[in-house]
Amino acid sequence: MDRLAALKAMLLIRRFEVALDARPDHGFQLYSSGEEAVAVGVCAALEPGDQLLCSGRSIGPALARGIDPRLVMAELLGKAAGPSGGKGGRGHLAKPDQGFFGAHAVVAGNISIAAGAALAAQLEAKGGLVVCIFGDGACGAGALHETLNIAALWRLPLLLVCDNNGLSVSTPREAALAPAKLSDLAAPFGVTAATVDGMDVEAVHAQATEFAARARSGGGPAFLECLSQRFFSHSTATRETRSAETMRRVLDRCPIRLYADRLRLNGQLGDDDLTRIEREVDDLVAGAMAFADASPYPDPAEALRDVV
Amino acid sequence: MDRLAALKAMLLIRRFEVALDARPDHGFQLYSSGEEAVAVGVCAALEPGDQLLCSGRSIGPALARGIDPRLVMAELLGKAAGPSGGKGGRGHLAKPDQGFFGAHAVVAGNISIAAGAALAAQLEAKGGLVVCIFGDGACGAGALHETLNIAALWRLPLLLVCDNNGLSVSTPREAALAPAKLSDLAAPFGVTAATVDGMDVEAVHAQATEFAARARSGGGPAFLECLSQRFFSHSTATRETRSAETMRRVLDRCPIRLYADRLRLNGQLGDDDLTRIEREVDDLVAGAMAFADASPYPDPAEALRDVV
Amino acid sequence: MSSEAGAIKLFFREAIARAVREEMAADARVIVLGQDVGAFGGAYKEFHGLYDQFGASRVRDTPVAEAAMVGLGVGAAAAGYRPIVSITYMDFLMLGLDPLVNYAAKARFKTGGQVTAPVVVKTTAGAKGQGVAHSQCLEAWLMGVAGLVVVAPSNAADAYGLMKSALRHDGPVVFVDHKRLFPTAGEVPLAQTFTPIGQAVIRRPGEHVTIATHGYMVRVAGEAADRLAKAGVSCEIVDLRTLAPLDVATVAGSVARTRALVTLEEGQLACGVGAEVAFRVQEQVGAVRIARVGALPAPVSSNPVLEAAAIPDAARVMDAVRRVLDA
Amino acid sequence: MSSEAGAIKLFFREAIARAVREEMAADARVIVLGQDVGAFGGAYKEFHGLYDQFGASRVRDTPVAEAAMVGLGVGAAAAGYRPIVSITYMDFLMLGLDPLVNYAAKARFKTGGQVTAPVVVKTTAGAKGQGVAHSQCLEAWLMGVAGLVVVAPSNAADAYGLMKSALRHDGPVVFVDHKRLFPTAGEVPLAQTFTPIGQAVIRRPGEHVTIATHGYMVRVAGEAADRLAKAGVSCEIVDLRTLAPLDVATVAGSVARTRALVTLEEGQLACGVGAEVAFRVQEQVGAVRIARVGALPAPVSSNPVLEAAAIPDAARVMDAVRRVLDA
């Protein structure tokens, strides 16, 4: 993994969301801030031919997968220049020709679909891998069980990534899920699994890389749980339920700052580097916004196109 | 457990099915023969206030729960004297006022419903237990995962019994289910579990009794896998897929004969006892058939009764 | 805002909470299951206060597991309880259709009356910027399921009165509300009242055409009627309130006078509510001029332009009214 | 039995197997997923021989996990394959509606055409002694889902031709057959043929009344027509074949001549196929005499007496025909 690229990718997600949040016309949004290391660490383990699926919390995964921020911003703001012409919008971002199979806003709804894409990859036998990122909330759904079982039986090249931010809307993971670790869910099926610090992009990347290599070479599916933190409320339309004190503690452990500090300590990041990265990111975000602003809304006639 | 009663209960199931099978008007049926020890061992651990749910393979569970064979036969033959007036029929036997909440022919469809009944029992706080018997096939369904999780979180008085006869129609359990043992499925949720010899009625009973006591006293759900064998093809309308040689091996290990032999060896069953039991069972079966025969089919107007 | 005598102004969400609160107080068997229904009070605060009043044992947060949520509700109902299961959006009800349709709707029939399953599945239909998988109206599916009662209030009073009736009904009920209704407010009687299941109501009397509709679309119909009134066209609006069983008599009675019918629903037209209403009304009153209004035959995007294009608004209702009156 | 020139007599199940076999041979992306579809050959042997010919990699037995089965099929389709997912009975399709309706039916729209999901979900509807949760006809639900194609053959030739067309369609298709059709046989062309999606066919010409129906009920309509013919009543039978998109033109063309319509379906009437056909036909041809025939508004028991009472038979169709002709 290119360390500075990873740092930059995380910063891009963060600043992209800040810029989006400032827009009164964003409708409502689900942000990945705080969880950047999961998306970036996982995506750094992917190759161009791989496919990534994710949940409705999709800004981090889309950007980390390398989708042009201009396209992502246009789609999120409902503009015709989005890759889906603004029709998918939040929760349904997609750019499959660049390995981003897409987001799907039904919790756990994409887990079996990802397995289907993995089946296609297996049949195609080009070493392609499919990754599905979902939340802790999705782990209560039967889709996970059904998919783990079939993926194990068929040794599908599937990496299931649980971005466990400890909350499903207002419900703490402990109140919703009985297992001690969510990665324990894989064990009965003989699916290899691990739990890593999802605030540590290198830890995520290292484990994802190992699992990806294994799956690519026929070793079958894997389950990676990443312990992360959500920096904002569930969505911009949802009230925050955590106390101010909790929020202070949460925000105090920022995956971007943690990584920058570590790189600086190791002499891998100079002040110049950081300034450059910040400027590049700000340029990207400004460019994305300008691009989205320049694009019109779709023609109302699009409401009837691409249906059947 | 009253040993002779258990032996008799198993024999009743077997001979009931033989008699039913001889009827050209039975439509088609799913038999419990070979799996008598599971139903009888489990039901012997139940108390009157408990509730039993089962799958479409329901003759064994219904009779083992003590439902009058006359009622069961009438219902299976579609007669008005059945407890459901012949409207439920095969796959949907029910007599909840006697602790038989009922069969449900949707595979895995009753697992969460059983948990709901267990929730009711918990709220009622009278120490009632709910047991759900399902097949190995049901273990591939997400319903099991969702229910195990919630039952564990809420410590529901629920005993999940997997009657693992090694087949789902034609599909061997190994081809359909990745876990080494199906009872492993409970582990991630912290749900206590065991796998026992489902051909040994005492082994089933002992483990079921332990789990039942635990659940009754607030210890939460348990998962009991019973390794059994199906003596007939999936249903009377389904072709057998096992080879003649396999069938010989399967039929060679009869839970009734095994138990009778053991009891005889231990001096707990005399020849007289067996003769008496056989006679009683034959009387029950003959009485059941006569009762069913004496009952009319339901009035066609029943097609519109008890709908809403 | 002042209220009518004997009435109080409540938000739609408050009306639901009040109904549930009263029924929970009256009957210990009423419990609530759903995602974030506890301390959080529900996605639209429609369960606000219940957790504090009745505690975690009767107001239960569940995991995201719609199939088991409905299954648990149905099972507890069949065992004698009266659960409300909250399925946040109707799109997710698909995940719970097996226990609802294959078990609950058939339990009474298949057991010859031994078992009933008085569960209330409360769910939210309709579009409000949430996109293709969070905007659907699937009421019509449920109308085709024998054994289910389906209610769909259009205002706070009926949200209150239908929820109370639903919680006393001895079989499964699906209570369908709508995202755009939660911020609306309306007069609700101070005294406990029950909106009868199976009774439509004439929401606005009129002469020239009957608009039969339900849920949020009653408001859209009202807007269309207001605007048409200025052009001298008088619309009678029938609020169906219950979709199953359908109160055909009330609609037919209205159409017998107006001899013209516009059906209006937010969902898809094909095999929709309007198709059924149209057929059954004509069975009663003979051929009349009819038009259906519903969503375009396409998914509903979260995109503001495309969402607005897809779902019915007052202008489309007015067009339909003019079409039937010109016919 | 001798066959027409250029045709061969096949059982319904053989017709399906042949279509799948030809398409699998023509396109390596066609695969089969389902319970017991492998060596066992499917519940009705409708996949017989495919496992031997194409092997375990392309003909895959699955666990009993309808939700994931549909999800896998949909996902593989979105990734470029053309899976058939066999859902033994339509009742169990409920478990797989989320991936089918919330994803596959909307994939093309929501991605602006980037993704299509050419999956064929093959499932069996209808009553044949299997009881309340194994007898349902839910075609009408699917007709209300934009993005889905729904086909329902009534005979071997269309089972063959529609399956072939379904496997070439660039979006999700639900292929609905019927338990009682599997043991029937019919002429199927020797040459490869494709029954076009979206085209109904006049199965029997007649003068006095149009019976619009599909699937197994085409045979019931035929029986009624035979018996009515003896009484001098001439029925025209339109076999819808495709339910979505509905070929309204063919039905309307027939009704324009007969001026009388009986819709016939085995499923529930409320928001059913007949409601939609009736509305759309009258949009085209104006008011005509209409009756609907469908199941009683109740679950369908496995009980032979009650099942027969619940579902339409020739006698009920004849009654309906007489009713519209007397009207």
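Structural remarks
So that you can tell them apart, the chains are marked A, B, C and D in the order they are listed, and the count of residues begins at 1 in each.
Throughout what follows, a residue touches a chain if its C-beta (ideal position, glycine included) is under 8 Å from a C-beta of that chain, and two chains touch if they have at least 3 such contacts.
Because the structure is predicted, anything quoted here is derived from the model rather than measured.
By the document's definition of touch, common neighbours of subunit B and subunit D comprise A, C. Ranking every chain by how far its Cα centroid lies from the centroid of subunit B, the top place goes to A. A straight line joining the Cα centres of subunit C and subunit D is 31 Å long.
For the pair subunit B and subunit C, the distance between C-alpha centroids works out to 40 Å. Rounded to whole angstrom units, the spacing between the C-alpha centres of subunit A and subunit C is 36.
As a whole-number value, the distance joining the C-alpha centres of subunit A and subunit B reads 45 Å. The set of subunit D residues touching two or more other chains comprises 62-63, 65, 67-68, 91-92, 98, 102-103, 109-110, 131-133, 146-147, 296-299, 301.
Shown for subunit B are the residues that touch two or more other chains, namely 86-88, 92, 104, 106, 109, 140-143, 146, 149-150, 153, 175-177, 302, 307.
A complete topology is adopted by the chain contact network, contact being made between every pair of chains.
On the side of subunit A, the complex with subunit C involves touching residues 27-28, 78, 86-92, 104-109, 137-138, 140-142, 168-171, 175-177, 241, 297-298, 300-304, 307.
Interface residues of subunit A facing subunit D in the complex, by the touch rule stated above, are 51, 82-88, 92, 94-97, 101-102, 104, 106, 109-121, 123-124, 142-143, 146-147, 149-150, 153-154, 302, 305-308.
Subunit C makes touch with subunit A in their complex at residues 35-36, 39-40, 43, 61-65, 67-68, 91-92, 129-134, 296-299, 301-306, 308-310. Those residues of subunit A that touch subunit B in the complex are listed here as 140-146, 148-150, 152-153, 175-180, 184-185, 187-191.
Taken together, the subunit D residues at the contact with subunit A in this complex read 31, 57, 60, 62-63, 65, 67-68, 70-81, 83, 98-99, 102-103, 108-115, 146-149, 171, 245.
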